[in-house]
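Two complexes follow with subunit A in common, the first pairing it with subunit B and the second with subunit C.
Here is the complex of A and B:
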């Protein structure tokens, strides 16, 4: 579904990613684990089109997308839930979700109604708070809104950057349950996480990033059993 | 004239100029929201609105309504073109770069208008006669009523656009978080374009309705822009309702200062207000009301 080859990306003079290659198959949950500054968010930024200083090849469903800006990439079926949630704070919950479907605005209200039902079905709390400004939601609710907003674009590949960041353990559990559920419903998932334990529980395969390079790629179970990974990321 | 009648008279004058300042301030706010830049060509668009309408009526022999509509559409187009030709081609349009560009645009606009339309002050007749309407011993110019009415309609329409239409909501989303907006497919470049068009239209409308009261010359733009900027700062830069509050307050203060202190002092009021706002309350009266919680 997604093939990334020899990706180099950075900011200004700083090269962050060096020759990064990875692939994601239809129906998988793939996780990128790595410590702070390893290049997880940069990878997500490059794949989503936010980061423009990119060389290498990104092929999604057989088409090259590395030159596309973010606002086009979302129409192709890739959507990123950014680090730090980044909901539109002054807009209401409902407006945030509407904006998630911005690229589908010509489909009309009826087409979107099913998507609203789907999102409210997964996150009933968003329905309760639909007229509240997104900035007044709790961190966990904002994360739900950020995921809901991304779902409104009907992604085939959903990318999540640090969805557990700053959330209480119970909420993290809830979010990861949702990730598993979305995958069961057919959405392919690419997940960047510092919380390696949670990520590996839900993932089928994983990549370990270190200083902008992939140092290890294996099945989730194999990574969980790997001594180096256990020591560095699982704290065992 | 007794005290109350004089006060009422000054209030009428104040709110009608204040409404014009509010329109100009809307222009500053809309562009500030979408780019974080201060648009120095805002006042030139006001001046152009008046001059183009006057030219269409004088040289073009057009009926007043048509001339005014043409002037607003023309200036809105010029606003959009200015963005596409200067801001759009930049790879990374930072706020300071856009601000500097608008200074250049202002100078170009002013010179071109002078070369093409001339240096003479122009004007045209008020929309519906000049017979003042008497209210409680004071009088109000019919044009003032037009100014208030058109400003009110424009404010309601702008509110509707930003609160109810998908494009308006997308512009608010882009103003709140540009990257997140791009991630859901909103083109931030387009929302900058639309903000220039709206700002130019707001300026042109202000120019078209004020010209019958004051005449318009090619170099009026700077002062009008400055007044609008002070009003925007007073109300809270970037806040649509702040523009209205700031514009009316500034208009009233100016009229009262002109009436009770000295008419020489009138223009200084805007400068004083601006300085006071910057010292005492840089966020303006309504300030940034965005709620943040992490």
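Here is the complex of A and C:
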């Protein structure tokens, strides 16, 4: 579904990613694990088109997308839930979700009805708080809204950047349950996480990033069993 | 069921009806203002309030709603004033046509600045507009044969309607009342639309907006041009009201003051500019007593306001409302017990 080859990306003079290659198959949950500054968010930014200083090749469903702007990439079916949730605080929950369907605005309201149903079905709490400004939601609810907002674009590949950031353990579990459920419903998922344990539980395969390079790629179970990973990321 | 749920009025549309009602009430009250004003000087100030309101409310769209700092609103104001004024004073063009040309010129220059500067994320608009204001100030000063240079542009005729010149403070007040009222309604309709919601996402989080495929460049450019058009209208009103224009009115300092007034009123709030314009119009008059210290006192008070009320006057009012409600509620609870 997604093939990334020899991707280099950075900001100004600073090169962050060096020759990064990875691939994601239809129906998988892939996780990128790595410490702060390893390049997880940069990878997500480059894949979603937010970061334009990119060389190398990104192929999504057979088409090169490395030169395409973010809005085109969203239309193609890749949507990123950015790090730190970034909900539109003054807008209501409903308006936030509507903005998620921004690229589909020509389809009309009726077409969106089933998507609202889907999101409200997964996150009943968002329905209860539909008219509330997003800024008044709790951290967990904001993360749910950010995911729901991304779902409104009908992604085939959903990318989540640190969905567990700043959330209570119980809420993190809830979010990861949702990720597993979305995957079961057919959405392919690429996940960047510091919380390696949770990420590997839900993922089928994983990549370990260190200083902008992939140092290890293996099945989730193999990574969980790997001594270096256990020591560095699982704290065992 | 879901269709009804989506179509059902959200908080915003209820708020929308409320805000439009408030606007209608405010404008109805302003209608009788010239009748109760003690003298022409106060009515004259009220005209300036309207002009400042257009300037600050249009700038608020760029700063408060799109999250971009523009430092050349004074130059757009000036370009509007000079375009309209020079055409009328030197070429005998009707002020009405002049106002249209003024809008065209300000809108076009905003397009030229915005096209390169708004493509980039960050403070590039601030830098580009800073330069534009400097260039315009030089042009206003140096194109002496057209603008009159530092001595100013004189002999600008007033607007006239059905053969009657709009010259007195009171007639101009009603003219400005109509124009400003229409613009304020247009601004609200813009904010309270689908386009407006897209625009507001930019000020909250441009990254999130882009990650959803919202074309932030297009939004910012449209709003920047629209805001420049409105500044052009304000300039045209100004020059045909005082029948004179001088370069220092449209200097970089004016642009900075307008940005400060957006902040003092409360950015990203529809009513913020009303307070901003009120302060910008009234306070300098009240500070006349301080003479040379005027700007110093003005600046200092702005710093203090922003220090204690980062959300401006509107934020301050909201805080005060909270205090009053909280001070009142426990007593009611005690009485219940």
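Couple of notes before you dig in:
The rule we apply is simple: the second predicted complex is superposed on the first by the 236 of 236 C-alpha atoms of A that agree within 3 Å, B and C clash if a C-alpha of one lies under 4 Å from a C-alpha of the other, contacts with A are read in each partner's own complex, and residues count from 1 in each chain.
The rule is short, and it goes like this: a contact is a pair of C-beta atoms (placed from the backbone, for glycine too) under 8 Å apart; a residue touches a chain by one contact, two chains touch by 3 or more.
The structure presented is a predicted model; accordingly, all values stated were derived computationally and were not measured.
Once the complexes are laid over each other on subunit A, subunit B and subunit C cannot both fit and instead clash. Shared-chain residue A:131: touches subunit C; no touch with subunit B.
Shared-chain residue A:41: touches no atom of subunit B or subunit C.
When the two structures are aligned on the shared chain, A:183 is found in touch with neither subunit B nor subunit C. In the superposition on chain A, contact of A:109 is made with subunit C only, not with subunit B. Of the two partner chains placed by the overlay, only subunit C lies in contact with A:117; subunit B stays clear of it.
By the touch criterion defined above, A:195 lies against neither subunit B nor subunit C after alignment on the C-alpha atoms of chain A. In the superposition on chain A, A:139 contacts subunit B only, with no contact to subunit C.
Of the two partner chains placed by the overlay, only subunit C lies in contact with A:94; subunit B stays clear of it. Applying the stated touch rule to the two superposed structures, the overlap between the subunit B and subunit C interfaces on subunit A comprises residues 48-50, 70-72, 74-75, 79-80, 82, 86-91, 95, 98-100, 102-103, 105, 133, 149-150, 153.
Within the complex formed with subunit A, the residues of subunit B that make contact are 166, 169-170, 172-173, 176-177, 179-188, 290-294.
In the complex of the two chains, the subunit A residues touching subunit C come out as 48-50, 70-75, 79-82, 86-92, 94-95, 98-100, 102-103, 105, 109-110, 112-114, 116-117, 130-133, 146, 149-150, 153.
Partner subunit B is touched in their complex by these residues of subunit A: 48-50, 69-72, 74-75, 79-80, 82, 86-91, 95-96, 98-100, 102-103, 105, 133, 135-139, 149-150, 152-153, 166. The part of subunit C that touches subunit A in the complex is made up of residues 2-3, 5-7, 10-12, 194, 197-198, 200-201, 204-205, 207-215, 268.
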